[in-house]
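The block underneath contains the structure these notes are about, expressed in structure tokens.
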């Protein structure tokens, strides 16, 4: 009994689940100390045609929501409320 | 004279420059403390249909290279040599 | 490009100031020159509203090696050792971006200290937030604390003391003040005064980006269609690069290659070059295309006004260029000769061979405007609060309310995010009256602390000014240190309002009187005006950072009870002054009334007596009585120790509540072992110091006879819960 | 006994460990990361701090430096290697120790004195401690949350390769005494030869009663045996 209902639940939830990614990058002209150090290190390791490297963040988000529009709106809210520092970062939401 | 040659140089460099992104994510069975805390915080902020959130890294890489194949091979080398900890992380390269 | 009224205004200059510029130049400035004037003449760099008043502060003493006027103050701590220290504000940037704002605040003040040749040995901070219930407070608190920690921890300098306060006056304008303390050999101090003609001017450190360019947003928008990309950007701190810069500078300072050195702080390349030239009565010529830039197509305007972090300007002795370059190469840092000193007494700017700006140094420094702004005395309200008319409240309940309040809770949540132990010389960490840092490889130590009392300063600025100096002095005395000198950060509202200028003038008057009386000179500091929004200014919040000397490491004491059955001596007289107390604020939300008066003579006598007793090894632990009064001070001695206490009911007491919660000044609590009691009492009596023997320490319980009894574990929990649940 | 302390840009406990080693009368040298040879040493120490700012991943970039190949060679030849805090992180990045150090569970830097328990006292690093002895020792890190796969964890347990575990004052290993979320409260581990020790707590901070206690001394004195 238990097993069956669990399966059912999983099926259901799979149906409702939507997957998004959020990519967060530093705005142009904002100093990226990490990127700089990584770039220097790669150059020292012999990667001499490397022009520039900037580091950002990446989130994979699963959300229980049927409607992609609503879901995206919610993801956007998460970005503005917590995930992104709008003063120095830009972001981009993609459906996976 | 000076200005013209600079412009030319810029044009040239633009032609050779290829842009890639690298997305680094934690492997499935690796604990993600950052993702966990972010998830709890978002839930506390009222995002209750959030199912799961995992955090990763993102790199934007400019490389001086004409041939996309060679470029991609180099980016792959960067990942394996430095950018990714293959024990706990997966990665994905995309051309931008 | 024509300089319009709008451009002048966007540069924060008044029309009268613009006319002054025209007169000094005998022509119109170009945009680059205007930008430079605006940076040098703004309040932050020119001290135009405060300078007349700052002059009144006592800055001399036989312990003072360098007073205000250099990157930081320097004091003598005996033998060949000197201490370099200063405090600085980073309020506005921290409100916009708390993590980076606080981090770069720490970075900036560290540069001021190692610029002078000192190795930084301690960091402190004073942070003020709005009401905990204000929607922004929590994330500001989180960001600021992790920013301060992020920078200090990474660079490897212990953050050992500070204060964290909440008050709704800071809802729209938090305060983030950072203080750095360094150690230097007396004969190895470096200054910013340029000397000699044709010497190389060297740029070292990070590259220049478009960080925090003042007034540039509009001006540069006119050069370029795409304005969005040209917005001035937030400064991002890079503690890793700062660590390299610090090590490289200290390495270069081992010999005598450097003539003068100056960090690029506010107004970056502009203020550093002008300051060095002005102190040396010389000119400086820069070839701006040599400036290492982070972004493409940067203009001279942007280079001169950028506030990118982790950069320094050095004037080198002839022939030392290669030697110096190799050191910076070793540390992977940029090193570029960007100009030279000249006879002209001008700041001469060239870009790709063309002259792009030329301004007499004097016009930027000594001829900058100075304002004697209008001010009015604070109207003092002398109404007394009749405590008997208030609803009765149990002593125990009132104490619990105070100890669990945001302002009086244990700050461990904050301090555990700071590395307090790195460098392995931290003898006393955060949590005590003052932190104690041993001088490396020696047996002596310094004590450091920062203090402020915005409520006292708001209600009675002169008394408030005196009080913070005295409280700071008491905190140093309590750990057994002889107070030597202070630095101060004056956080105020809009100085163009006469009430605010009045608060400033009177607070400063109080600071001056106390410093003079206690022989506790001011050796460095910083002024931050315009804290507030539109019509709402913050409470006047001067912050004092003090440094004291402990001759023998093993003579320092803490504030936690050490033994059972010790005697507890209250030194100094208790009158029960309850207005402006924590008791009324936390329990009745009463904010009116005057702070307790400060009697400088008592302060001095009592403090010196406590120091004598500690130096004679008669005292086990000591604590000054401040916010919250006697009972809160006693709880703090119990919390975190194994011992509580039993206080006997005082016979002829008029009002127990006032006795326990009153905030009368100049008082200390001392734990004295029975065998030392006689000697102690004899000394006190001989010197006519007022004291009371109020009770004894005991195991496990905090007890006031006939009133309350709580286990010290409960007290600990009460005091440690707020941050966890916030 | 000869020791070498490797100094990376951003190392900041290098002076502290040197003071400790000198106090214990090691013949110590500081080795700059750009060196390509290591002097003959009995002990190599990789100190705490923020090598390369902890950028990318803590320890990752130091793990690619010139000197690190020499460290790996010496370690494989049996030389004793001690990595403290950032040093531990670097050792896992080089593969000399397995597993990894993730962000602390609360995502905050933590500096405080904690208790740790000596699990294995039969190594060159720990012979002067008693088994199960509880030490009070300072931690200071952002990424001390030890994580490894289940096979390696089994290996650590079966072969007695756990050096220290976080515990309470009486030696109980439980969740409340785990400051950073580390798997099984692990505070330090050995490699299978037990010539490499990586640990998050700072023994060099515990050698002087003026600033703390002397619980760290026996680690250094064990090495001198």
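Brief remarks follow.
Letters A, B, C and D mark the chains in the order given here, with residues in each chain numbered from 1 onward.
Keep in mind that, in the parts below, a contact is a pair of C-beta atoms (placed from the backbone, for glycine too) under 8 Å apart; a residue touches a chain by one contact, two chains touch by 3 or more.
All values derive from a computational prediction rather than experimental measurement.
Taking the definition of touch as given, a chain qualifies here only if it contacts subunit B and subunit D alike; those chains are A. Looking at A-C alongside C-D, one finds more C-beta pairs in contact between the chains of C-D. Work out the mean CA point of subunit B and of subunit C, and you get 41 Å between them.
Note on chain placement: the centre of subunit C and the centre of subunit D lie 36 Å apart, centres being C-alpha means. The centroid of the Cα atoms in subunit A and the matching centroid in subunit B are 11 Å apart. With touch defined as above, residues shared between interfaces to two or more other chains in subunit C number as follows: 238, 240-241, 332.
Residues of subunit A in contact with at least two other chains: 33, 37-38, 41, 45, 55. Shared interface positions of subunit D, defined as residues touching 2 or more other chains, are 52-53, 55-56, 61, 64. Against subunit A, the residues of subunit D that register as touching in their complex are 52-53, 55-56, 61, 64. By the touch criterion stated above, subunit D contacts subunit C in their complex at residues 9-10, 12-13, 15-16, 19, 34, 48-50, 52-55, 108-112, 138, 140, 142, 202, 204-205, 208, 210-212. On the subunit B side of its complex with subunit A, the touching residues are 17, 21, 23-25, 35, 38, 41-42, 45, 47, 49-65, 74, 77-78, 81-83. Touching subunit B in their complex are the following residues of subunit D: 56-57, 60-61, 64, 93, 100, 102-107, 145, 147, 149, 181. Across the complex, subunit A meets subunit D through its residues 33-34, 37-38, 41, 45, 55.
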